[in-house]
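This is the structure, below, for whatever I ask next.
Naming follows writing order (A, B and C), and every chain is counted from residue 1.
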């Protein structure tokens, strides 16, 4: 059927506006009109952009260190949705309200201000954050906006294609409606290949695509669906917890999960439903198309993205690996998935772990004291079986090698899936939620 | 509940708001506008907005329909009491908006509307202005708390759960962690969103106390004399099933709530609580006041009762935000969305559309397994400008009615999210 | 052809149609898809033998599946002669429903998918049911109707399934029946059917019931007729 691409997009209702990205050029005229939302700060205001794992942790621990610090969290979503454990929810193993949390309560409890607004501009020289409700001045700024999708890597600036792909084959790596749409796809899937693309390079939550594949395969098995889950991975092998995932695929989902390594994406055609890779062409009946990840919009807005030796943006923030301070601006801290130049995986646990460190650092700065920052740690559970529920885990601590000036990871992996680890998964989640919300 | 059944007085005729005479009473009397490239902007992705968007696109596939909604996904308030009481999971109540884009070609903009500028014929979001030829406002309610500052704190600590999103999530947490003590629910005077909702919630929470054998008591504090709908059905359930675990206090006005001391002060005395569901009075979404669609001291937007058009040409308000002969509910908003879609479609083709009177179908749980319901149709006395409701109440609590309730909701969701 | 001319022609055809369904369907074929012919399917008893008139008891609610394996229909014997009628749709289209078949012309059939929001009889529940003359609805007080208890739409089986009250805006689609040598066949669907919405909305349920969408969408050439009580666990009446 030959529909012109223009017509197809007209039918589908695609447009640049649907990408939901605040305009990068928040004009000077608009800035002039904006009003202050809060009185000017008194030397101790920390504005945190992003109410995720990192942002909320910084907020709470700042107040714990020093209740007199003026802490403001700006977050655009109405409630917190946890990406960790969302794969279990996709599989129907947990309820939606287990992974959803209210923002107002913890703000009240810990004493920080929660502002439900969209950040539309950042002026670091004026130390101002502009939102859709006015601006807030800061003494210290924490940028923890999470990731953004880099559809340009696939579609080279074609916003229509990017929109079409996001609407029809949501990545579900950013909280919002994408996970809901993906869940519906998984449970309504009839037959054929369901493709998951693993992003290249650094991306949010390294084991997530493999866990997702396992959970989708579990649903297909449960529903007797004649479908396959095809994982297209640019890497040579599954990492982390490769043996654990592979064992699950072979023992639990033989014939259902197909893992394709060394599959770098050459072309994505969401209309013809074909993905061309260095490992072959793959047709799909439906898909979870995950483009490469980059630091969230606000880091670009603040002009704090690192550049590689050729002067091209790396896609991640340019911050000190130990203090999380922006190299270009001592009053700005970057924390969570946005950071670059460190061997840390990007995860919720990491965001929380880093958040505590950054809170200490900023609190000390405000108090005029010195502090020796510690290094964060990471723990990552992955559910590989739905019935009985069984998980695998990786735990990484880090040491600083003074001589080589390097952060050295010390991983501990348990690749043997067990029901005990599944229980531990939920205990970990509950303790995290408790830390941030209760 | 420990309160004797009071007699149910004859239902009053619903009078339309005084001044309806300045609205034309024919379906549309404006000059016909055949516009191929017209742009319809819909503010609010709730029951009204989604339905209007879908039906507009179905009838006019080439029409530009833009829906602006600030929340990331749709969560249904209808049946949310089931979720709060642990009878249903939250997921079935939630829907992604992308199906409207994929299946029907509605452009969805996920952003907050900061202002409706009628003179510019545009709505303002964080991304700038979106211009419209036709505007459908279905933004729902806001809590009317400006003159009662104690509500500001109760909103945070004991959320009303009458707006979809985090309020229900937090209230559910409070309820699931509740192990005993006193629960207070306060009900405002009408009009508020969904007349039976607080009564249903009280019944389900009382039922929860009984089912879980908690050492607890519910104090149900109502500003009204009796339940606003299915009065008999609720009252007999309260009396037959819950008189040992709940007390129903009527005609009690909330004067203050101290969230620290956990006390509600009312015109009928003070009530201590361990957890509470404080439901404040409501009004139309603040956007409508700032747009100039509300006169001073008005809380709901006056519209042509049959077409939902405001005094501004091609600007419609549907759903809970407007004054309507239909009680405020998702079902009404859905029906109104269909009507406005029909009217606009006809207007675009230069045609007229027949007037239609809508009807109400309303269910309410009174225990974890049984429900009651009301079906209301209306007669319109044009010369007097009033709508006469004809209620068919089924006040006998039945399991079959509870099952119909779920099918009623699923039907709506099928129609909206197909 | 102007509308008056069309109706005159229809009047002539209506008489002729009782003799030859094919002639009837040709004339109505240009009703913009309001008559769709499918496989000619024999209505049978549960044992597979053709159902005969005496098996279709008056005022009992029977279910069969046509034109697809999963689309439910009501088979009703209304007791007395049911004359044909002109059915008007809200968009102005008109179609002619030819009334009942059988010796008394009392046997009719309709799609059992509510035209409002697609409630239909599943194995678990039926919210849409027939109310015989002696079992009026407690809510609407109507008898001899098909009523859906989700939103209280009421349809008239004596008048081509047209809407009597409630939010439905479209009559129930009717199943065109043909009698030959005492055997009954379903040959087509007349009116606005709800099949697209049905398949779209119930994808997962149909897949569970039939194994796959393809199986649910298979066109049938035989229909087993069964009393609704034997198919549905719980009939929800109101």
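Things worth noting here:
Here, a residue touches a chain if its C-beta (ideal position, glycine included) is under 8 Å from a C-beta of that chain, and two chains touch if they have at least 3 such contacts.
What you see is a predicted model, and the numbers here were worked out from it, not measured in a lab.
Centrality annotation: B (chain centre taken as mean Cα position, compared with the mean over all protein Cα atoms).
Relative to chain A, the most remote chain by averaged C-alpha coordinates is C. The geometric centre of chain B is 36 Å away from that of chain C, both derived from CA atoms. Averaging Cα coordinates per chain places chain A and chain C 53 Å apart. Of all residues in chain A, none touches 2 or more other chains. Looking at the complex, you find that chain A touches chain B at residues 10-15, 17-18, 20, 22-23, 77-81, 89, 95-97, 100-105, 108, 118, 120, 131-133, 167-168, 170, 175-178, 180-181, 183-184. Those residues of chain B that touch chain A in the complex are listed here as 61-62, 65-66, 70-73, 83, 89-91, 94-102, 104-112, 114, 125-128, 130, 155-157, 159, 165-167, 169-170, 172-173. Of all residues in chain B, those touching chain C in their complex are 335, 358-359, 361, 375, 377, 392, 394, 400-401, 403-404, 407-408, 410-412, 414-415, 418. Touching chain C in their complex are the following residues of chain A: 187-188, 190-191, 223, 226. On chain C, the positions that touch chain A within their shared complex are 203-204, 207-208, 212-213.
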